[in-house]
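Before anything else, here is the set of structures, which you'll find just below.
In the two complexes that follow, subunit A is the common piece, with subunit B as its partner first and subunit C second.
The block that comes next holds the complex of A and B.
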């Protein structure tokens, strides 16, 4: 029997299995089990409170959602789609713009990059509360600025037309630094000779961006767009802190949270919404990946 | 063999850790006079007055029970934090005395509705809360009120310790009203006239936290007094039940004339609110209102915020009355909302101690202090919340108060519109007209019950 630093060859065979068993058990307990439980609960009437009965009711939650409760479900889906599209497009545009500006050597640029990325490390509760105070229509600084410019008052997060764009703006402010970093990594991967060749051909800044930078940033764009869309699809915490889902800001994620864990919660109905959100994520995520990968190949 | 050594060490470590855990476990659960303490876990949501009082009572309890240590937990109701804490304590079976919002009888819809109860009502139905009906301390309380708040099938599953003037409750600045020679209005017309006079004097009559829907209090205040007009206070549970049945049977709905009239009055009051009120949060509203002593004569907010208001501006001379929703002063009575209710889960590790704590809480002398700290109306007939200057009007009007009416039964997950008008979308907070809102609610209600 040969000897090795980690035991005999017989015991060594078990080391890989032992190594993957710990994360594997973790995944089974905290990944697979809750996912399967959500599917099962979506077919029940269950409050989610300990000791209360789990009544199987077939497709009752699905039927309710798509018939009697469609009036609540459809606005949540619509708001989610607007939220995802708006944040994904604007966050990527701003992230790319910042990356172009900040992709320069020097300590000051390192400092600015860190500053722009910083909101990402704050908790959603801190960011939400801070912006709620800034946007307070009585005491917040935003009110002074608004009054100075428009000579009127605004309820900001309590305004049915402004609330959703404001929540989206806070989301973009928080995460555009992250998009910027990915785009900077993409920009640094573009070979310099390509730019030199474009310059020799007499291409101006816009042409260089359109025909060199943008096409060669395709992999970074794929990653950024996909991650932003997926992250935004499940967003509920920031909206909860800023508006509580009122004034037209209730997304599917928040509707699910409210239904599953709010006052008078019904975990069964909330689980059905989670499955629906999973389906939406699959469709949007799959569609985006397919389209973006196709674009990469074409380029 | 090199691999066996770490395994052996690991086994020893696990055994040692298990032994240590067993030791600490026996320490925490043991009882006796020689040191080992039992830990009684009590949890409630953050209401500054209630939290301060509970901490004081906990200290008193620990003094009387040297072997008991109280683990007191509290968190805000904002952003679902309280729900999360409450649920996790129940899941871990570690809480002995837990605060819950009184479910009231609305939470137990008749079986023909096929609606499953949620929240504390689900816990009661599943036998997860201890029936406190026969506990000696329950004799201190008004059992009819307790039954109505948290009774089910003859049992009483909690102690409703606080009830507040909620629907239509209005805080007012006494000095500001006196400056304009006003007294507390007794009719709806009088209230509107006062608002008009204050507005003409350059004041913004009403402040409220529209971001969390406090404007609904105006609607509910008018609705409660209108639907209870000419009825005995004790009939309120029946009125709620009759209305729920009428909605279920389709003989009543949100777009009936009664609700159009209530809505018209609501809109008359709403023309006097702070224009940016829709963006004001409840976390900041009472404090903001209190510090601005020369404006905002009225604040629409429940009596539960007394502590916050008085802490923000201790010098402010305030009072509280209920919006007179009709033009007959006799009908403008106080709707009372059953609120904080202590429950003992069947999974509580220290039920006997929990009962002792509730006994101490229910002692009339202690309960008097609880009322003073929280601004709650009394649920013990022998105790009244006297000696608090802001409660002068309320104390004169408690004798004919009634339990706030509850909304019709709706299935869980039903659209917000089904439960009544959407105050966020109704003008002037939103842009929808009263007819649009009421028709939408009526349609949503009908759909939600599958008819």
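The block that comes next holds the complex of A and C.
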């Protein structure tokens, strides 16, 4: 602990506290308190309508969710798991492929990388609207292509089986540039002599990738998989714009949003869902970190 | 059009090829084959970048120049009678002018306040002026792993009369703490001797922060300012939850409703979407290299911190 050199001998002790007071109080009020209060509200029956009481009811929301409303909760959990697994795997595969292709010097490649990166700087409102236009079942170009290939029509984002894969695809489209950049950073960290040695040993392209590039990319893979999984778990704004959570696309996050701010608001139940999502994040995040670190050591 | 761009892209590679020693070229499979492979890769990369990643936005942009009847006659083709009418219509119908100003306010003011207060929070912690500065720092970091507090924030906002009010929204966004502690590491790089010298010369603390520390932190502040700006501009959920009056909406919230109200008038929606995206697109074009590198560096750096912190936590248990 060192001492603050500013101020007179009397004010010296208070300057550090004064310095952190405003941001500290702000953070307590609007950062820490809401987070912790979610736990408390998850044990209450509170609709959120002005003037209604906040009744503590123990685990009522939890038991409610796992019994009476299980028919809503389980699909949301299932959708979340499919969404997270699918996006994480595909976005990483695509990001890695793009990185292998685009990790080249030259202005044209810089331009391509910028184009691939671009989608994620736009709001989900912009990206969602763009794809709603493209996937419009009557006037969209996707409809043209679909009709050309299958000679039938599809509702796309209004189709119970297609909606979820399509939303996932839009999510991947939006963020694979991010994965690509992390993989490129990883590729650039691999020392050149390793490749030279592999070439001297007569290793072919696939073997170089399998036995040199892939193991040495392990740190980048860890970062990428972890970040994608965590980011996707909390994501619901894009789904809200694209489908509103209909047609089998309601993830836990969107279910929470709907329960709290939808037509039939139940803030207590919504808080319980936020806690469930937090639990899921902890389990998946912890599991991934454990598995990825073990894998890094083994490689 | 795509052909010429591909050619221009290929021209980049031109000067490298003839620089090779002619004798070595004989050993290579064939110069033509190599060039073909090279341009094949170029072509593939171009096709991916342009037709997968850029095309949806270009398509949207093209649609916005169609008349509604022109769109209905040929929904997927290029605009037949070109019109700029949609942009002015969307601007007036969607009230994007006012919303644009709101968005600007919601993006600039909180970012400025967050960054300034962030320095005031980070400085004493970074200098170790508290008995448990390290504990405080870890605590800030781990609070980021707590459950999302959107619902209690909404209840709190209503209780404190911050709901559906511009100052209230600004207050919440400015103080909610994102980015507060990111500067701690950066400040450690500023030598402590400067503090003591300034204090000896009778420089007050606040003046010291504004005159000495903040100028030294320009690169870090610039990075966070830009990402903070883009993040605030793009935010959709918080305005959806906290702002019910149309006059208070930012552009993203406006677009979300505009999209719902004008279903099927795609040229109009496309124009509105483009208006909302344009400022960010402009920012991207201007700061493209900075943004792309910032994200790559930030992500690599950020997660190093996160994974390491989480691993340390795991070890401690």
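Operating definition for what follows: the second predicted complex is superposed on the first by the 268 of 299 C-alpha atoms of A that agree within 3 Å, B and C clash if a C-alpha of one lies under 4 Å from a C-alpha of the other, contacts with A are read in each partner's own complex, and residues count from 1 in each chain.
As a working rule, a residue touches a chain if its C-beta (ideal position, glycine included) is under 8 Å from a C-beta of that chain, and two chains touch if they have at least 3 such contacts.
Treat the numbers as computed from the prediction; the structure is a model and nothing was measured.
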item	value
Subunit A as common anchor, with subunit B and subunit C clashing or fitting	clash
Touching partner for A:38 - first (subunit B), second (subunit C), both, neither	second
Which superposed partner A:275 touches (first subunit B, second subunit C, both, neither)	second
Touched partner set for A:50, first subunit B, second subunit C, both or neither	both
Which of subunit B and subunit C A:287 touches, first, second, both or neither	neither
Partner chain(s) touched by A:191 [first = subunit B, second = subunit C, both, neither]	neither
Touched partner set for A:123, first subunit B, second subunit C, both or neither	second
Residue contacts with subunit A in the superposition, subunit B compared against subunit C	C
Which superposed partner A:154 touches (first subunit B, second subunit C, both, neither)	first
First, second, both or neither for A:72, with subunit B first and subunit C second	first
Contacts of A:98 with subunit B and subunit C, given as first, second, both or neither	second
Clash with subunit B (superposed arrangement) - responsible stretch of subunit C out of 40-48, 202-210, 220-228 or 274-282	202-210
Shared subunit A contacts, counted only where both subunit B and subunit C touch the same residue	5-7, 48, 50, 125, 132, 136, 138-139, 240-241, 257, 261, 270
Subunit C - residues contacting subunit A, complex	8-10, 12-13, 41-42, 44-46, 48-50, 52-54, 56-57, 59-60, 63, 71-72, 75-76, 117-118, 120-121, 123-125, 127-131, 133, 140, 143, 145-156, 158, 171-172, 174-177, 180, 192, 195-196, 198-200, 203-205, 208-209, 230, 233-237, 240-241, 252-253, 255-256, 259, 264, 266, 269-270, 273, 276-277, 280-281, 283-284, 288-289, 291-292, 295-297, 299-300, 303-304, 306-307, 310-311, 314
In the complex with subunit A, residue positions of subunit B that touch it	1-4, 79-80, 83-84, 87, 90-91, 93, 101, 107, 116-119, 122-123, 125-128, 210-213, 274-281, 284, 288, 346-347, 411-417, 424-425, 429-431, 443-444, 447-450
Subunit A residues touching subunit C - in the complex, by the definition given at the top	1-7, 15-16, 19-20, 22-27, 29-41, 48, 50, 98, 101-102, 104, 106-119, 121-126, 128-134, 136, 138-141, 144, 173, 177-178, 181-182, 184-185, 220, 222-223, 226-227, 234, 236-237, 240-241, 256-257, 260-261, 267, 270-271, 274-275, 277-278, 282, 285-286, 289-290, 293
Partner subunit B, residues of subunit A touching it in the complex	5-8, 11, 45, 47-53, 55, 61, 64-65, 67-72, 125, 132, 135-139, 143, 153-160, 240-241, 243-244, 246-247, 257, 259, 261-266, 269-270
